[in-house]
Amino acid sequence: MRLDGRQADELRPVTITLQPNKYAEGSVLIEFGDTKVLCTASIEERVPPFMKGQGKGWINAEYAMLPRATQVRNHRESAKGKLTGRTMEIQRLIGRSLRSVVDLQALGERTVTLDCDVLQADGGTRTTSITGAFVALALAVDKLNRNHAFAKYPITDFLASVSVGVIGERTLLDLNYEEDSKAKVDMNVVMTGARKFVEVQGTGEEAPFSRDELNTLLASAEEGIASLIAKQRDALGEKGSRIGTAVV
Amino acid sequence: MRLDGRQADELRPVTITLQPNKYAEGSVLIEFGDTKVLCTASIEERVPPFMKGQGKGWINAEYAMLPRATQVRNHRESAKGKLTGRTMEIQRLIGRSLRSVVDLQALGERTVTLDCDVLQADGGTRTTSITGAFVALALAVDKLNRNHAFAKYPITDFLASVSVGVIGERTLLDLNYEEDSKAKVDMNVVMTGARKFVEVQGTGEEAPFSRDELNTLLASAEEGIASLIAKQRDALGEKGSRIGTAVV
Amino acid sequence: MRLDGRQADELRPVTITLQPNKYAEGSVLIEFGDTKVLCTASIEERVPPFMKGQGKGWINAEYAMLPRATQVRNHRESAKGKLTGRTMEIQRLIGRSLRSVVDLQALGERTVTLDCDVLQADGGTRTTSITGAFVALALAVDKLNRNHAFAKYPITDFLASVSVGVIGERTLLDLNYEEDSKAKVDMNVVMTGARKFVEVQGTGEEAPFSRDELNTLLASAEEGIASLIAKQRDALGEKGSRIGTAVV
Amino acid sequence: MRLDGRQADELRPVTITLQPNKYAEGSVLIEFGDTKVLCTASIEERVPPFMKGQGKGWINAEYAMLPRATQVRNHRESAKGKLTGRTMEIQRLIGRSLRSVVDLQALGERTVTLDCDVLQADGGTRTTSITGAFVALALAVDKLNRNHAFAKYPITDFLASVSVGVIGERTLLDLNYEEDSKAKVDMNVVMTGARKFVEVQGTGEEAPFSRDELNTLLASAEEGIASLIAKQRDALGEKGSRIGTAVV
Amino acid sequence: MRLDGRQADELRPVTITLQPNKYAEGSVLIEFGDTKVLCTASIEERVPPFMKGQGKGWINAEYAMLPRATQVRNHRESAKGKLTGRTMEIQRLIGRSLRSVVDLQALGERTVTLDCDVLQADGGTRTTSITGAFVALALAVDKLNRNHAFAKYPITDFLASVSVGVIGERTLLDLNYEEDSKAKVDMNVVMTGARKFVEVQGTGEEAPFSRDELNTLLASAEEGIASLIAKQRDALGEKGSRIGTAVV
Amino acid sequence: MRLDGRQADELRPVTITLQPNKYAEGSVLIEFGDTKVLCTASIEERVPPFMKGQGKGWINAEYAMLPRATQVRNHRESAKGKLTGRTMEIQRLIGRSLRSVVDLQALGERTVTLDCDVLQADGGTRTTSITGAFVALALAVDKLNRNHAFAKYPITDFLASVSVGVIGERTLLDLNYEEDSKAKVDMNVVMTGARKFVEVQGTGEEAPFSRDELNTLLASAEEGIASLIAKQRDALGEKGSRIGTAVV
């Protein structure tokens, strides 16, 4: 048994609170155990310069941590005047992942920006962010659809993310901070409702891993993500019912 | 009556939630109506370079808004690479205000950093921040005191803040965003439990104001702050009982 | 008597030299004792993006100190690559104050930028800057008016600023650097020719102050500013004669 | 057959030129077809602050492109004043990969910085950089060893990297720029001489991929990397003979 | 004799390799002894904002060093976030020098950007850069001319640069790094094929110099540059044959 | 005759006002016609890190223009967040020039920083700055000497600077802004009291120049600088009497 009493293949308790923010077109407070992320989706009726005139939309993501999201206070990136490499890497990952389940043509010339702000961090902030950002995006697209129904619904499938890792000889699902800092192998997986991979990022800085170990990790992640997507469906209810109803 | 049904001298509903954050030495989620600010107090056992070797502590504050705290999404200061003048002005105000009720000698050589992160903004974010940051500071100092009782308690009085303004011919207390954008005169007041002023910042960019108008504004602010301090006392309960028990 | 021999309610010697700069539309070298500020007003026939298409003008201010304006050389903000919070706070204050006596509609779609560069600092640089910037602005508007008379004169009243403070038990007017660093309460006041307040910024970081003390401070500031405005009128002579001749 | 006449599982011509730079402790000019990267290894006899006093060394990497490494000239990051997210992501990847085959304890308190400067880019610059940086590192460590033999040789295994992707229905090895821009699935793999994975980064932004497709991609990458490591061994000759002779 | 066996008025071995880069409109790898600079010329069919609508072109230059171009690794300017004064000074010098032999009117509304990236530095990087950049520019203009012959050929003369200095009592040509660091007087000269000076920059920080010494230095530089221009002519061959055939 | 009535070899009226600043160890307001520069010399009893432990001092210079020093207002470098290449080039030139007449060993471990702030610009700001900075430096060193006489006087000679240029066929001394913008050849010369050159920077961007033209320019500059040094001697009087009394 793990330190917090979980089984190796057990997720932490997941909570999804819809619309905590009164202004955003979509917003979610998502919790994976003690990791808490506020995700908002903001719609603008224009696209970035490099997308102009293509009749397509864009999905953008930003990620940040509050200074005391962590055990020891960390410095604000705004005060330092630049983003760390870690932040840039995570926000590129979130944006790329969400775009994989959006038909940008169907979305039309508008931008949805997903802001993922970590209020409290206990490991897995990027996977929690992706999972929550998907729900915020779904709420925003549902709102657009109510005002003016899309000919083709722009979200083509569900999407969620989880971490897996190897500690000692065991493969563990959804690592918390303490487990993460002990893991020899660390992997983040993003998957769709159709159980297809969107991102597989495995790192064995401490100990390179074999193809068999990789397959064991992926199998665990696959089951974890399937559970997360079930929770997203429940949370969205009717608002998620049109997702993936059109073939892309 | 005001748009939201309040009397001219009525505060918005105030909510103070203690310790929403599991890591910070003190933390508060404070709400003035739809304005919501997460305040954390972080203790470090060292002081900034300019304070070294004086046997005294320091109180520092940082302030930020989440991108979608506002009706229209605002750009992150971390992405822009610099703080706006407005942010700097507010965080200097918060720090200065709190230092006025702290005996830095009694605190000892440590720094308390107050982070005020606006989750949702509907006017009065700086006054909400000061009022919440005081409670977070009180919790952190109480925690220090439990570990090792201070010879002299470092917090010398309660402290809260409110805005007042003139709209048309009326003096209104605790302006929300809509009222704030219509005000001819706008004033932020910070006051102690002993009803002494720490900061008085009045601006009549739209219409200069007379000494009489100033006095009316201050009288309204004074009552508003007294109510806020009563709510701080209630929220802190036993944890606030040692505040101001020593003469500075 | 004060260290420099002044009475408690006495200003330092004030000198206003018109047009020290041959290029600026308006320029003033203003001295409050040993504090010397070069103020220039520059006119551009366009407005910032956020003001476009409203048929109104804009007043903007920038403030800086030369490195050796101070007793100990301070680092250039251009070399550090960013403005300090203090600088931003002051230049926002100068701009806001001047806008309060300008009818932006009457000014038309043009920007006046006031640059306040402190050549030597001995306390009160922000109040000296506001008082001098007003005169530079008046010269620039007078020049515009000579080329093409305004239907409605854009400057609606005189404007000046002074500091007041409490040292020990005494209320002193127009603090120099040494007094300023000893003051328990420090207040900057901006007032119009009609004796209306535009800005009241009082800080009691060292010692909170009562309503009575505030009123004593304001009374002293009011008389000081009235004297400064008399000096502005003298300096401008005929060039200031149209100020405030139209009702806003 | 591919546009450049290669088989699906064929690498581009690989050239490894040792010591093109007369100052660096190790240097390599590596070419994967038209992609050319200059890799230098620089040794400093100190470690970064966060590693001090642990008796261990550190491996750091920096990555950049010359402005005309690309078909259309790209702007210098030094002129823009900040690194892009892509650059940060790549240099973090290079550093992490190389550290996986270095025994930092055995290396001792020194830092090896690997600079990977892309002289010409035709796809695969990050995999070319990792493969070349390993050789530069091996040369630098060999030089250290000649001056003063390590008790335990710090490099524990060979390491190389290659890209694989899916274009249409085909899995292709070592994509050039044109192929890369058409790929639905894009994967970068870093592997050791013992055929263990250090990094697996697969992205299906255009089209999510199944577990079977993932396995096909990994199989192709594995063979490609084995060939690259054979070329590294040849290039290093005697200088690479001590790699991996100690068990970690 | 000098440390490397040269006569006082002898250049280091010069190598000019044409078109090492497959994308740039013109590119040169130039070597003055151990100083190696990669120069690329990139053409854009537009001019910077300040040149718009004049029917003229522009020549721009950028200069940088790879981190390990030097004996001790130097920090990347991109990581520091700003260019050093030295870099700015050199790239302004390169641009100014090349513009002196280009008829911007004849060039037409396009920009040629010369990137000079120092791969290895052993003194004289700015003179090597100018000499190499001229050849890269000549290749790019020749390419433009082949596509669409210029009515008037835009390059009006050859141009090269060399350093001279005083060490002890001797005047030496083309200083390497070791000589440069010992020189009392250091001069960089840029000259045309017609033996006219474009830039003369002499510095006697260690020891001011007389007019006679200056003339001796210039005489040595003049001969050195004439030799360099002969090498440029050889390298360019037919591609340089139209240079200076039109009177400006 | 020139536009302002001067002969070709005539300086503009030169004014040197000593000690306009009450804090700086040395200060000068220098005017070359309408170009006005405030130069201050600030002494710190420490040296920059790269000079530590050598028992020698350092001379540093900074240069800036006020925004309305120019006909059209220019943007503050502090607001833009970085220095322009022109500013860096000028401040490096000022520092290097002054160091050529200072015996850093005799100065002892202290830094003198020369700030040259252009209040009004009408051409020749760098030559005016050097000429004024020398006087400010001389005042500061004289002040040091009065407190504690130097064994060897650290200033080894006088130093001044002037511009020369070619307009049409004429060589003109000390160009004003209008002349400067028409010059085909532009040269700045720095020279000592012993008529030795410290800096010769000639640029023929518009038209390369011959050795004869160069000699004519230098001859004119030499006479101009000799006149400027005579004015420096007069201004300094007794305070300049120890300059150059020791052989370096």
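As written, the chain order gives the labels A, B, C, D, E and F, with residue 1 at the start of each chain.
Rule of thumb we're sticking to: a contact is a pair of C-beta atoms (placed from the backbone, for glycine too) under 8 Å apart; a residue touches a chain by one contact, two chains touch by 3 or more.
Since this is a predicted model, take the numbers as computed values, not measurements.
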| item | value |
| --- | --- |
| Partner chains that chain B and chain F have in common | C |
| Length of the shortest touching-chain route, chain E through to chain F | 1 |
| Label of the chain whose CA centroid is most distant from the centroid of chain E | B |
| Chain whose average C-alpha position is farthest from chain D's own | C |
| Where chain A and chain B are represented by their mean Cα positions, the distance between them in whole Å | 34 |
| Intercentroid distance (Cα basis), chain C paired with chain A, Å | 52 |
| Centroid distance [mean C-alpha coordinates] between chain C and chain B, Å | 29 |
| Junction residues of chain D, two or more chains touched | 81-83 |
| Sequence of chains encountered when the ring is traversed from chain A in the direction of chain B | A, B, C, F, E, D |
| Chain F contact footprint on chain C (complex, rising order) | 21-24, 27, 34, 38, 40, 42, 44, 62, 64, 66-71, 73, 76-83, 87, 113, 115, 117, 119-120 |
| Residue ranges of chain F touching chain E (in the complex, touch as defined) | 82-86, 88-89, 91-92, 96, 99-100, 157, 191-192, 194-211, 214-215, 218, 222 |
